[in-house]
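Shared between the two complexes below is chain A, which pairs with chain B and chain C, respectively.
Our next item is the complex of A and B:
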């Protein structure tokens, strides 16, 4: 009897999670494993993929300056986008949090609403704005601020602006969550102890929402480093990032093994950066926030 | 000249009057409680003293200086918040030190004053801990130390004990009072807990619906409430409505139903309809024949140090409470006589609309 109950309570959890596990294995683990294996194969322009195993693809990426530039550009961009998102998103969340309804709900919707629209569509919107005869350049020239069109499309600046727009909601959500834990009385306590409004922000509010900013940074950084649609549309063929390079290897050069190696390296770099960053944060905040 | 003076304070939120013409004078070193049910305006009054709310009308003076328009950060008032509002990312030492840093106190003196204040609240050994590693009572002490270390002119306590367990709360009441005596800071306590107000303060200011109803020493306020609201809010009371039927030698005769009771004419009305009030501990149980009237014990509850009886009487249910003096108590269902000493019966104005 007891055994029957034990068996009955043991089996259903596995049974119930089986569909999800199957889906996870079939759709995520298998392709990833296959990509991993593929990255060790070699490629010949005339005969295609050869089923042999070597580190040649990895060595090529690691030794070729062409790829160095792409990797540096990708992570540099991720850093800049993360920084700008933190500088914009954190104050945005703070102000939103202090607004009264209905403005609060309305603005929150305005901030999060863009997430409902496809990244591709939003990026194409930016392409319209950025173009030589786009709205931004027409306005700037109409006002006489510049004599010739500012180059925005196919530049890092353009890609960064669009990525910030796409990713800032993630920062806002993350900071918003940590603001919910902030006791507004701590701000008043700071004031009553003689601190100015600015000092209260700097010494009382910011340190308390820092965990939110840092976890938001993690999300934004990871998403920027692996972003594809925005750099592809706004960066074009010349301003390559890692994700678009892998794509080109697959679909233009047809060198799937090299593309796979690039993808695996991007994944590895991302995982290493994120886990070590996370460890540093946890160490720093474990004492106060637990 | 009083040290802290509130002069005709009014606070309106739209059409709602939260605080209605509150004037109060507090002497230097005095401990005054603002006591009232939630929504009576006591917290809003505190916020105005602290500088977090601007009064719609009226002025606030500290030591003769008008501080009505002064920013909260410039008032030099120490506040202990209901939630304690400790800075979670700072150690106990850093929390207490914060106010001194804002005042640019040199480091050596700062360190000395922080440790002195932490010793005062018995937390000298906890300086390096973080708030979340402390118990509620300890966090409360840190909050108190943080408010006191700046040597505030006025200390405001906003329901400081409401988040604590009953047992710790009693200990903290005594300790808080002791610390306040030692330091001698003029203190305003906001609370809805009458026992807290009675046990800690020099004077109690009872508030209801935005107005100050009675300001008195705790004993006076409890024994001689001026309105039915105060008599029922401060402790429990048995009430009868009656009509004054005569007056002789400074004593009133009040007719309640078929009976007539004698009472001292106090500060209350001397004619017309009145309320009579007698405290549960002053309502005495006797043999049925010896009482002013009789009743039957409905429920009896034993609370360790005293018994509480609910008694059915011709005037509705009455409450009596007596010390557990080791004497056999009356059983449920027994008939008892009920009486009181003449001087324990209070004559109050009948309830006004909205008063209680």
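Our next item is the complex of A and C:
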């Protein structure tokens, strides 16, 4: 055995991780650093990017009302989408978990499967449903619920509905994972001691799956805040979010330094929200179990 | 286990309808016989599926996406395997930092990666090239590949390896004849997940792809922002059919829930 261990250390871990490390330094660290530096440069419509350094781009984003609206819209939408995903995804995961096979695995496939289908395709489906003569308006008018077509395309309601559809599988899977650790005996114990179904749900099930809901919320929030395809297709030019704004600065206006500043702010906001959320939750659970 | 009540079943039905409605609508519109977006009320027609084949733009973009996904998934796996062995088998200073670093692309919004790659490739002269595109995809799909390979290496018993070493096998022989065959399921799962992630990627690729390296999602996105017609619906329907077949195979092999935990778009 001693020989075996001696042999294995012939290939040190640093050598094994060297390819990945090199690739990441060259292709992740360097580009990110360059974008960070670029965000301090200035831009001129005629001469292009100038290699001087100032906070002008950040000040422009922080002071301009136009950008305030975009950032507020993006994070407001992320909050609403996350809440709806939690309210729909968590009960659905619970219901799926109580089903018997083959229904259980069939419906799990139906809920998780869309994750493998391109976001462009899923968003196209909603664009078709939202149209003036689309299925939603046809149904609503057929039932006599509305007199004229409801405008959903190019509205934030439409974008939110489609984003919930794109991201709710992450919530289901996250809650599903924590339900697998739940001991069904605890539920039966609650019921046999005379608690109502609702009390068992509230006092036994919900507290145990809460970590799943919280980690699912984090994924949904981060992905909504940086979503591009769905708001670009369903929101159009007028309903801009941070990601589509950065895209426009890069590929239409060609003001790369300003686009870089917007991208860095998005990244910073995401990282700050994710880490502080994690910290609050860890603290909460440390208190509960400590 | 207690059964779901009627309210739960109504909720469940509504949820499933919500999940499937947009996909079903795309598939129905794809079979229309008319020249505009409409339901196939006058019988099913394959007209718009034939139209895909007459559209070399989409075919080229599809082949590019296929080629790109195969190349980048293979590179990502080739790099993930040694990195996973290092992380799972050794205790060394910086191990936790390495792991966090290798998984970090999951935390970065794709639009931020896109603008960073665009700037970087322009500066180093790789802008618009296939090499640049493939390398940028490797970064995006590495975390998925790494996580699955890492999981299979971590769960591995080392008895067979120790036996081979004590019988005089070299490091390389042990890896090739014992370790590698044992982690093939993890490698295959990681490759497929990396392949799908690369094939579907839009937000980052929009910045990096040039007219000669345009991928299918970017081509479709550009088409949709200009016009929504039955052609794009039939193309999407074709993609849905292929994905469903893929999905059923994956579900049989691994269980979709295990494969997808924590996947990002």
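The rule is simple: the second predicted complex is superposed on the first by the 276 of 290 C-alpha atoms of A that agree within 3 Å, B and C clash if a C-alpha of one lies under 4 Å from a C-alpha of the other, contacts with A are read in each partner's own complex, and residues count from 1 in each chain.
In the analysis below, contacts are C-beta pairs under 8 Å (C-beta built on N, C-alpha and C of every residue); 3 or more make two chains touch, one makes a residue touch a chain.
Fair warning: this is a prediction, and the values are worked out from it, not measured in the lab.
Touching more residues of chain A than its counterpart among chain B and chain C is C. In the superposition on chain A, A:255 makes contact with neither chain B nor chain C. Legend: residue contacts after superposition of the two complexes on their common chain; A:192 is shown touching chain B, with no touch to chain C. Applying the stated contact rule after C-alpha superposition, one finds that A:267 touches chain C and leaves chain B untouched.
By the touch criterion stated above, A:19 is placed in contact with chain C alone, chain B being left untouched. Legend: residue contacts after superposition of the two complexes on their common chain; A:74 is shown touching neither chain B nor chain C.
Common to the chain B and chain C contact sets on chain A are residues 191, 197. Those residues of chain C whose C-beta lies close enough to touch chain A in the complex are 1-4, 8-9, 11-12, 15-16, 18-23, 25-26, 29, 37-38, 78-80, 82-83, 85-87, 89-90, 92, 95, 98, 101-102, 104-105, 107-113, 115-120, 123, 135-136, 138-139, 142, 146, 161-162, 165-166, 171, 196, 199-200, 202-203, 206-207, 217, 220-221, 224-225, 228, 232-233, 236, 239-240, 243-244, 246-248, 250-251, 256-257, 260-265. Remark: chain B residues 50-52, 71-79, 81-83, 85-90, 98-99, 102-103, 130, 132, 146-147, 150 touch chain A in the complex.
Chain A makes touch with chain C in their complex at residues 1, 3-4, 7-8, 10-14, 16-17, 19-21, 23-24, 27-28, 30-32, 34-35, 38, 88, 91-92, 95-96, 98-100, 105, 107-129, 131, 133-135, 162, 165-166, 168-170, 173-174, 176-177, 184, 187, 191, 197, 219, 222-223, 225-226, 228-229, 232-233, 242-243, 246-247, 250-251, 256, 259-260, 263-264, 266-267, 270-271, 274. Those residues of chain A whose C-beta lies close enough to touch chain B in the complex are 183, 185-186, 188-197, 199, 203-204, 207-208, 210, 287-290.
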